[in-house]
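Two complexes are shown next, each including chain A; its partner changes from chain B in the first to chain C in the second.
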Partner chain A sequence: MRHGKYPFIVGFLFLPIVLYVGLVLWPYAQTFGYSLTDWSGQSQEMNFVGLDNYAKLLDDEVFLGAIWHNLLLLILLPLVTILIALFFAFMLNVGGKGGTGGIQGVRGASFYKVVFFFPQVLSIAILAVLWGAVYRTDGAGLANGVLIKLGLADAAHPVQWLSDPDMVMWCVLAVLVWSGVGFYLVLFSAAMQGIPKDIYEAALLDGAKRGQTFLKITLPLLWETVQTAWVYLAIVAMDAFALVSSITPGAYFGGGPDHHSELISTYLMRSFLRNGEAGYACAMGVVIFFFTLILSVVSLWATKRDRIEY
Partner chain B sequence: MGSATEYNRRDIFKRAAGIAVLAAGGGSLLAACAGGTGGSSDKGSKGAGGFNLSDAKNPFGVKEADGLEVFIFDGGYGNEYAKAFEAIYSKSYPGAKINHQTDKDVTGKLQPRFNAGSPPDVIDDSGAKQIKLDVLADSNQLTELTPLLDAPYIDDPSKKVRDVLMPGTIDSGTIKGKVYNLSYVYTVFGFWYSNKLFKDHGWTPPKTWAEFIELCGKIKAAGIAPVAHQGKYPYYINVVMMDMIAKQGGLDLMKRIDGLDAAAWDDPAVKTAVEAFYQIVSKDFLLPGTNGMTHTESQTAWNQYKAAFIPSGSWLENEQLASTPADFDMAFLPMPSLPGDKLPFEAIRAGAGEPFIVPAKAKNVAGGLEFLRMMLTKEASGKFAQTANSLTCLKDGVGPEVKLKPGTASTVVALKAAGANTFNFQYPNTASKFDEDLQNASGELMAARIDPAEWIKRAKESATKNKTA
Partner chain C sequence: MSTSTDTNPAVPAQRAAGRPKADRTTRFGEGGGVLNVFSHGFLAVWALLIIFPLVWVVLGSFKTDAQINGSAWSWPASWGFDAFTRAWSKGIGGFFLNTLIVLAGSLTLTMLLGGMAAYVLARYEFKGNRAIYYLFVAGSMFPVYLALVPLFFMVRNLGEITPLLGLNSYLGLILVYVAYSLPFTVFFLYSFFRTLPTAVHEAAMLDGCSHTRAFFQIMVPMAKPGLVSVAIFNVLGQWNQYILPVTLMQPTTAGEADHSMLAQGLVNLALQSGYKSDAPALFAGMTIAMLPVLVVYLSFQRQVQAGLTSATLK
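Up next is the complex of A and B:
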């Protein structure tokens, strides 16, 4: 049996490996290759330019700005989303008034679960239309309409939301959080239901309050799930392309006003598809690849804990 | 019954002729194939090899058996008109299978096909997701159209195609000295207003910028916003600013700007024009929120009489058909004059747009060229004016039998008044990154986050930066 072990294993893995190499590794390798050329993206002609594209990236103010915007999302998006999702999940599962019937969520928990999950089933295209209507810059926009009615905004100078360079990233962050909380709420809920009720009951008997049960029981036992959520959200933050390119100002993949919501991905697409700088765009792709790789490794390492068996 | 049989008989004759041509033209077929798949040695233009330009019937050597794939940008003009063109093509080549494709996202659909070396035969490369023509030309992906310009005009074979085009058509198809696209739609640019609104309030369309600003004051006092613009896409407001610069500084200054001559931005005409323009912002004449609105949102608000003027090209009327009230009476206004303008009030930005291209690596280059030649007939041009409410680049292309809508009719009047005084900036087609920088700067200017001096400084910096690239 020992004798034929490796050929046996390779025989089973052959097809998955071919697919993985052909559809994942090879395109990555090609992107690395193209990033060393001046390829325009519209023909098969290109010249080798070495590391010129990477040198150019370091001097490109738009690109450096885009990195900052990505970093902002990277820090705030997981933090805010996970905190809100955890809070809601806790309230819906174990946060109800204890005492009478043991451990339960707040009243109407199952209804709230559906409501909070709702944004998750909307596609990005619908999100863009929906939030386009909310953030509309004149009095016909939902947000402006309400603010004007309440006397909080001036009808002659309504709030500019996505067209205001100081607000645009926060508006984008709000949409991302709004659309993401539902999914992580359900993820955390599922994990919380896996925690044995007797642990909570024991804590209750010992006189623990809601805050204490959350910090001392729920959070430590959910740590692995939180860690997973963190990595997923970090990847979303590194991308965020579909939303930003469809709701922010600017004719080609958004990023406006004046690059104030530019992300690496939107700048990449514009360089690739509009400006005929596909080689340059591939260099940005390589940068995103390494960023995401490093982040995944760092966050997995930083959030490492001993697994708690129960 | 009789006519049907006759049609069939004619069809058979034509097919027989087609086969004969195919047999006789075998040699040139091979030559064309060699040219088409020449790979890196193929420098985009096929030259006159294989073309017999003295043949008015079939100058490019179209083979009926070859199918034709037509890709139309599905935008302001729709794509119905192209079906009429395809019907005209089918009349001459009934055996050719025509594949009609249409989409809003030209880049998304066609970039992979350009990269794979199998693009469609004719492409209407336009819209927000246009594949930039300078990029395509630089990558040798386009057929040079000189043979088309030198081919006989179908309605009158004694003339060449180049002799029947509106002024500026060939210029707007030219990239780095070579003609690569047929800009089919003749568009005029300027302000638009509702004649009904103006008549109701007793306002007269202004001719000078001073009158314009004075009228804006009156409009604002009447509770209507004087100016709306499509602020999410600063392309539109750039039409106003750049036209004021061109009129003040003259065609010479316009050419220097197109050529990315950084010193052009030091010309006093630029400062005069931009500062005069900026009164729209500093006097608060903009529709509230217009700086963040899309073209649809702002143009619809304008249709609802919430704003008096809006800048746009003449596609506006067709684009807004659904939301324009029946008695709106849309009308065109050339950019009002400043004191000391080098061009008269009647001068307008006008030019051929909506570029049609024939990819160099298309399977049926001859068919693509012939399709373009057929588009340049009175029949096709009239069909276009009827279905798309716009003029084409064919001189006198619309016969008296074609009834035009008020906005389009007002552009015909304006074009007549302008005469030879038309101009057109080329930089949006030839310098994509400069155009983008200028649009971003204009967005900032409209929101009063930068002042005219800073706008000019940014334009100059971008010209300097993109000149070498």
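Up next is the complex of A and C:
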């Protein structure tokens, strides 16, 4: 049995490891090195500057604004998406008036699931172009069109959506929630279906109302799934590059108007590809790294609960 | 059967669910009449929020430019396919083909290499096994653009060794996609291979089957459900990938062939002047890009949903 085991192991592992170390781990490691230099990215010249890039980051208004926007998304995106998705999942799985069997979803549950999930399979680019058209600042945009039709907006002064510095982040958040809810709805649905029906039936016999069942039974049993969802959404919130860089105003990777929707990712890409500040961009990358690290540790710690076996 | 359902004739379909449970006079969720109307309304509004913009875009591809720029509520005057032809001639077809080429390569390689690595790590004891496994898992935690700057130069340098691999080359992008899909694929398939029974594999080994053959002819067929789940996850992930092609697939010299992925190409066309005076073609381009996804999704929606959720829940 043993013959040929090691050549086999090496043969199977060699290519995946070479690719992974070469194209993923090594660039990650290099980012740390470059962040300590004044490298422009265009030439091979670079000087060691120590922590200068990091000191500069602390004074960079645009960067601090970007961190603030990322934090905003980081808190609001998971919160809003998970709340809506949980509500829908509960409605679609156990929220119906179970006249005969007790526990079932509302009518048309499978139709809703198919529709709600659909944005998830659309490429981010389609989302970007689609929402660019919806958020047009004149009456020809869908959002303004609807508001004008309903009499909520004035046709002469349509809502400025993405061009309004106070609204742009909310518009971005809306798109992210719009596209994300379906996925987490399906995720929570799958987890809810794993909860034995007896538990609900016992609650029912004890006279529990729908709201109580949700808070006292569904939510505690779903806690681990909610945790997973939170981590995934946090990763989306830290990125959000594709959407922001393509729908918000501003030359080279969006972020406008006047940096009001700037994210770390868009600022990083502009510094690197446009401004020739590769070393500086790498320093931002390192900041993101520690951000993600702290975030995962904190969220795992804060949401820690005892596992419920059933 | 419960008789109290008669009080609410609006929900007759529940009988069809037909769970053969005992008769019951209390209804679950009784007294939630207001909540019921409210939540049904909320579900319907959300469904509308999703369907309406998509239908609006499809309608837009039949309108004229003046109509699109005039009012959101205009109705197409004629149902010609001119806009679709114009969109296609602006390169959508080419972007589509590029994406298909890259996805075909990257998906095959991801599944093959990821499956091989996960299998060896899950099923064979050797020194450093755990270390390699954790190395892979760690990689799935960090955002891609952390590695973006060095990756760009690495791919460019590869291109100087062989033009097959450099910037704006299919093979270069395929390898990058594979490398960045590996952590999750290995992580997921690792746990899947561990759940498979060992007896079949041992019997085959006793019969003199080689390790390689045992993998391809015994373990891969047994792991099919897991492989399908990860494959779906990877297809969607790579199809939606945007930041990697934007960084790596730009023509390095003027006049070089445009190898843009569909996502990237569409955004470029929307931002550049290409569609500035031709909004119907932009809408038609979006429709073209959405259509295959819609068809695939509607025909496989059960597997897509099951695959995606089982992939994240593991």
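Basically, the second predicted complex is superposed on the first by the 285 of 310 C-alpha atoms of A that agree within 3 Å, B and C clash if a C-alpha of one lies under 4 Å from a C-alpha of the other, contacts with A are read in each partner's own complex, and residues count from 1 in each chain.
We take it that a contact is a pair of C-beta atoms (placed from the backbone, for glycine too) under 8 Å apart; a residue touches a chain by one contact, two chains touch by 3 or more.
Note that the structure is predicted; figures quoted are calculated from it, not measured.
When both complexes are overlaid on chain A, the residue A:G139 reaches chain B and chain C alike. Between chain B and chain C, C contacts the larger number of chain A residues. Contact with chain B, but none with chain C, is seen for A:P165 once the two complexes are overlaid on the shared chain. Of the two partner chains, neither chain B nor chain C is touched by A:L215. When the two structures are aligned on the shared chain, A:E45 is found in touch with chain B, with no touch to chain C. Of the two partner chains, chain B is the only one touched by A:A156; chain C is not. Of the two partner chains placed by superposition, only chain C is touched by A:Q30; chain B is not. When the two structures are aligned on the shared chain, A:F88 is found in touch with chain C, with no touch to chain B.
After overlaying the two complexes on the shared chain, residue contacts for A:A202 are found with neither chain B nor chain C. Legend: residue contacts after superposition of the two complexes on their common chain; A:Y252 is shown touching chain B, with no touch to chain C.
Residues 41, 138-141, 144, 273 of chain A touch chain B in one complex and chain C in the other. By the touch criterion given at the top, residues 1-2, 4-5, 8, 11, 13-15, 17-21, 24, 26-32, 35-36, 39-40, 42-43, 46-47, 49-54, 56-57, 60, 68-73, 113-114, 116-117, 119-121, 124, 126, 132, 135-136, 139, 141-151, 154, 175-176, 178-180, 182-183, 186, 205, 210-212, 215, 236, 239-240, 242-243, 247, 262-264, 266-267, 270-271, 282-283, 286, 289-290, 293-294, 296-298, 301, 304-306, 308-310, 312-313 of chain C touch chain A in their complex.
Looking at the complex, you find that chain B touches chain A at residues 39-40, 107, 111, 114-115, 117, 128-129, 131-132, 134-136, 138-141, 231-233, 235, 284, 287-293, 297, 301, 432-433, 436, 439-441, 443-444, 447, 449.
Chain contact summary for the complex, chain A toward chain B: residues 40-45, 135-141, 144, 155-158, 160-165, 249-252, 256-259, 270, 273-276. Chain A contributes residues 1, 4-6, 8-9, 11-13, 15-17, 19-20, 22-28, 30-31, 34, 41, 84, 87-88, 91-92, 94-104, 106-108, 111-126, 128-134, 138-142, 144-146, 149, 178, 181-183, 186-187, 189-191, 200, 204, 207, 209-210, 225, 228, 232, 235, 238-239, 241-242, 246, 265, 268-269, 272-273, 278, 281-282, 285-286, 288-289, 292, 296 to its touches with chain C in the complex.
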